[in-house]
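Structures given as structure tokens follow.
Two complexes, one shared chain (subunit A), two partners (subunit B, subunit C).
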Partner chain A sequence: MDSTLLVELSRAQFALTALYHWLFVPLTLGLSFIIAIMESLYVKTGDETWKKITKFWMGLFAINFAIGLATGIILEFEFGTNWSNYSWIVGDIFGAPLAIEGIMAFFMESTFFAVMFFGWDKVSKKVHLLSTWLVAIGSNLSALWILVANGWMQHPVGMEFNLNTARFEMKNFFDVLFNPNAISKFLHTVSSGYVMGALFVVGISAWYLLKKRDILFAKRSIIVAASFGLLASVFLTLTGDESAHQVALTQPTKLAAMEGLYDGKSRAGIVAIGQLNTDKKIGDGQKEFIWSIEIPYALSFLGFRNINAFVPGIDDLVLGNPTLSIEPAQSKIDKGKVAIASLKTYKEAMRENDNTKATIAFQSFRENQSFLGYGYLNDPAKIIPPVGITFYSFHIMVGLGSWFLALFFFVLYFSMVGKIETKPLLLKLAFLSIPLGYVAGEAGWIVAEVGRQPWAIQSMLPVGIATSSIDPISIMITLGLFATIFTGLLIAEIKIMLKQVSIGPEGEAHV
Partner chain B sequence: MNMIKRIVLFYSDGFKQMKVGKTLWLIIAIKFFLFFILLKLFFFHDVLQTNFSNDTDRANFVIKNLTNP
Partner chain C sequence: MFENMSLLSLQQYWWFIVSLLGALFIFITFVQGGQTLLYNIGKDEAQRNVLVASLGRKWELSFTSLVMFGGALFAAFPLFYSVSFGGAYYVWMAILFCFIIQAVSYEYRKKPNNFLGSRVYESFLYINGSVGIILIGIAVGTLFTGGHFIKNEMNLSAWTMHSYGLEGALNPFNVALGFTLFFLARVQASLYFMNNIADDSIVKNAKIQLFRDALLFLGFFITTIVMLLVMSGVSYHNTFFVVSEYKFLHNFLNTPLLLALFLLGTFLVLFALFITFFRKSTKGIWFSGIGTVLVILSFFCLLGFNATAIYPSLSDLASSLTIENSSASHYTLSTMSYVSLGVPFVLAYIIAVWRVMDRKKITSEEIASDAHHY
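Now for the complex of A and B:
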């Protein structure tokens, strides 16, 4: 058992729990708003069919919510056990957002959740509708605080490292909250949830139409969900563009991996589809792709809003590019090692009460602190994330997102002209697209998290230093336990959902 | 008092009328037992909270890890 195994097991466990957690969250985010829209139509029109539609989807929402409830708490357990160095270092930054998230989730979701499910005949229509909207808004605001924390890891701002406490301390809450990386990540993530919710409703409704049952229910559900899904898909595209722009500005190695770009260039194109050359190594001059189809100028434009912009490749970022003033990774590693040595000297000087030595070490640390994380790397090539998984995940996500946009458009169009029932192929594709929504969402998170390796905190703390010195066997045991528990939960969700779907809206399938 | 009684009745009626909800609450109870009793107590102790009694010692331990990679 070596430390590499410990780090890899800790990462695998975190990845497993995060990926399972994300199977439940997006449907909550998206379906909550679709239900609120459906209930608004009920309150506005007084049509009991809308009430029945709302109650049916609310039942499925409740199943997903209940099964997914607290799956995210496991990630917090892992912080304290597997990632204790990281947990200590970021405690001051994460404390506020996560505390707000906890309070908000408890008060908004829990309180209004009860009114939403128990209050149909006990409160007025408007109070009930308000509760439904507040559950939707509360769920989405909970996501905000988690994604603010994640955005900070991707692009740490509004903080300063305290050499005495070994913690990043928040200097400006609003810099952390309005971190451009966090905002674009939040908007892109929740809009992917909206698309997932819409795919779910459209797909299940399509199944009813294929089975020629509950026709009015299915057609009305499709119109609401496809409209919502189409708007959400457009929003998803725009937020994805902004998210990629932020990556270009703050995480150039991730952008290079997303595009498999080794040799940086001006007027760089985006690879629409392609097969990576797996023999390609840094600086070897080999071609990057076996084959590819490229959209000219698009990467420069989307990354930097300028078709002439230079997009640095992996070779530039590792080896440096003096012409364009791109610093070699080795130079950053050297500065990082100075930062680490200065921190050590500072602590020794404080113990010896040598103020002069402490002041010099403190200044030296501050001058090099932006490179602190690089000091833990022994090889410049280590700054590059796994290219294959990042590239393919990114392209799967984008490809599926494009498909969903087209799907919603055609489903909505044929619904509006009254021909949706005569399009069995489209209905089958809609049904089959439900799991693809989950694939796209998970692929997005793989891009975000694998693409920022080796960092737990961008440029500040690599994953190898963030972990605890614990027995890898205990991680193996809990990894197995998690895989079992979460798979069990997933099977339970699917079985209960399928049963409720087969009962259908006529069976009053609410909770 | 009347308000409290109404709130209690609101929840108790709601729980009584649940159908799928009863299964869901059972799943939630099992899940909470597994997460907060089995996993948290036996596998997921907070390393720094458990091994050190104060923040100064925790900070020194982390700095030691940071400066002796």
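Now for the complex of A and C:
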């Protein structure tokens, strides 16, 4: 079996599913709350226009929701089908949030989804409104649990390796739940979904204004969505800052890749924009960037809340930095190999009922267990994620996030002063920003997941050990099928969405 | 509370929870069964729209139940999840494909500019309801008949056949179980339509269809039960495994409660058919639904109790999985057990919402006037 090909194909299939899933979920997260706010206005004012507005956006929500569910179920089962070793080695911890997600969130979403769509004439206004809010809360609870699981992958806490079962086992559920990495990841991710939902509503409403149709509908939608989007953007910035701070504390290789930082330094600045030197190699002393614009001190301050803090670079992390007591990767690999050998010896000793040998092996394992994952690597340079894609994705995400904040501010301002219709350029920019929201969301996921490489579980389990033992050809077949089906369904969704937008809230198609 | 329970008690508790979720999922597959009957019961487009609308208010529950079943297996029995999903790759992937295409079909089927056309989405629904359910039956069947896997001392597993689970489709028991579930889903679908839709023509057609499917269901069901009672299973004691003749017959006889559940469940399904055909009742779905849950629950519990392997290995008997060697740790199981206390609450609000939404039967007029019907 070609293990490299197997790993790459397994990653490709999971990445494809996750990227498609993440095309649909942010809109669900954000639009569900926007709809709930709109319906609240309807219930409060009794104004039928708000009901019409709510129902229109609800229709688009449903089109998007279904395909998000479809891709979501695949992700859950791919942990088993493509990452079966992972499922065993960390399933004792990772499985729990997924099961809780099902009990607490999925049933809430799916049960009240039916009331939200088909219950207008079957339940009271207040019960219907409650159902709409519960769908929004359920969607976001779902995000909480899956991001608790993901946060644990980025920063594993609350567990211990059990040598008898050869797996990690949970020791403290609340450490897993309140893992700072998970909390910041959850808040940052859902707020990016809120921004996406707001961009979607503002952008489509802007299109109506540009076409000079459905004016009242569009203006009211913009007011709600731009207010929501502006608040969400501020929150997104704050949670992004905290998320990056957590990365600095727990995933230094990811931070170094995000910033293209090879030579670590105190008072490090953030590269606002720049072009990476693609010839740059670890420890070769070459310049990191062809050109760049840097904000001085910002990386030290944002990463460690101290402008004098030292931010380790890729060279420090791979080659070590004795002055600052940064251990070379090769030393970690050596210790990891001791841990693996100790585990094997322990197993042998248990088979042979040799307690002395088992005790020595056990102690040796415990002394080196923090480096277990490194023992599966052979090249120190492999601890660094792909720098180019991580760096550019991070900067695209941050740049677009800043643009959305400005966009919501201006759209809301001109809406409040009643001049939004007289700003066609702003309206065009708002409309064109819809796809940019998707680009930013996907870029964020690339930073999170590609930036974690080569680990499935940070420092504990590399992706190469986590896959299923199956023929690569099997994955090629399913990867091809997934790509075909997902793409087909995406085309269908876009075509249906465009048609529904063209038809508009009044229910008549405009040519 | 749960932390004071023994590991074995927690493992048995969680096998029961997983079994209950599996049983509820099989009940809710009346949605899938209904998807295969759109052209049998719906004689024109308007009738088919009513049928789809009726199922469309429940389809997410079937989807969610499947996800929940998978999630609970992952959390409580991660080694089973790892071995089965990572090994029987093609079977599980085929099942997943059948469910992807279901998810969008309700919403997209009647939408203008839907790219593939209504008939394609209807065929997606048919594939989901037929191939999807039969494959699930085959996959569940392998819990009784076994899979071709081995695991090493680190509990990492590999499948020994390159057909990756498709070979399960050659086992008569697995196939019989697959068709039993398929026709059970159709039987329940007809009963559901009769209960949920106020349209004489649809009810009449559903009753005719019910008769045909009930005969086929009973044929496959009896075949499956006979095969189950005479087949061998795998018993274990500590780490030693042995093939036991008439294992599941013995399990029934040794655990009278399971036998009682099975018999009561079977009676309720038959009672549902009786009152539908001979008492003109439209409440059969409730009896058959409870009956289905009890029968499937007893089926799954046959595996998890009485020192029985939940997944025998056909390649290396010592690699067989049990609730004891495949479960999560005591800490995780006890923590998850507190979460499981939320299940009755979830069931309660599902039932409450279901009652409210179905208080008034669906009519073709309602569907024709609803802008957001499926």
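Going forward, the second predicted complex is superposed on the first by the 504 of 511 C-alpha atoms of A that agree within 3 Å, B and C clash if a C-alpha of one lies under 4 Å from a C-alpha of the other, contacts with A are read in each partner's own complex, and residues count from 1 in each chain.
By definition in this document, contacts are C-beta pairs under 8 Å (C-beta built on N, C-alpha and C of every residue); 3 or more make two chains touch, one makes a residue touch a chain.
Treat the numbers as computed from the prediction; the structure is a model and nothing was measured.
Once the two complexes are laid over each other on the shared chain, residue contacts for A:Gly504 go to neither subunit B nor subunit C. Of the two partner chains, subunit B is the only one touched by A:Asn164; subunit C is not. Touch criterion met: A:Ser110 reaches subunit C, while subunit B stays clear of it. By the document's definition of touching, neither partner reaches A:Pro180: not subunit B, not subunit C. With both structures placed on the common chain, the touch criterion links A:Lys495 to subunit C but leaves subunit B unconnected.
When the shared chain is aligned, subunit C comes close enough to touch A:Asp471, but subunit B does not.
Taking subunit B and subunit C in turn and counting the residues of subunit A each one touches, the greater count comes from C. Touch criterion met: A:Tyr376 reaches subunit B, while subunit C stays clear of it.
By the touch criterion defined above, A:Ile340 reaches subunit B but does not reach subunit C. When the two complexes are overlaid on their common chain A, residue A:Ala99 makes contact with subunit C while staying clear of subunit B. Counting contacts as defined above, subunit A residues 59, 62-63, 66-67, 69-70, 73-74, 77, 80-81, 84-85, 87-88, 114, 117-119, 122, 165-167, 343, 347, 468, 470, 474, 478, 481, 485, 489, 492, 496, 500 meet subunit B in one complex and subunit C in the other.
Against subunit C, the residues of subunit A that register as touching in their complex are 55, 58-59, 62-63, 65-67, 69-74, 76-77, 79-85, 87-88, 91-96, 98-104, 106-115, 117-119, 122-123, 162, 165-167, 169-171, 173, 343, 347, 351, 468-471, 474, 478, 481, 485, 488-489, 491-493, 495-496, 498-500, 503, 507.
Of all residues in subunit C, only 57-58, 60-61, 63-64, 66-68, 70-72, 74-76, 78-79, 81-87, 89-90, 92-93, 96-97, 99-104, 106-108, 111-116, 153-159, 162, 164, 328-329, 331-332, 335-336, 339-340, 342-343, 346, 349-350, 353, 356-357, 359-360, 370-372 touch subunit A in the complex they form. By the touch criterion stated above, subunit A contacts subunit B in their complex at residues 59, 62-63, 66-67, 69-70, 73-74, 77-78, 80-81, 84-85, 87-89, 114, 117-119, 122, 164-167, 340, 343-344, 347, 375-376, 464-465, 468, 470, 474, 477-478, 481, 485, 489, 492, 496, 500, 509-511. Interface residues of subunit B facing subunit A in the complex, by the touch rule stated above, are 10-11, 13-15, 17-21, 23-25, 27-28, 31-32, 34-35, 39-40, 43-49, 55, 58-59, 62-63, 65-69.
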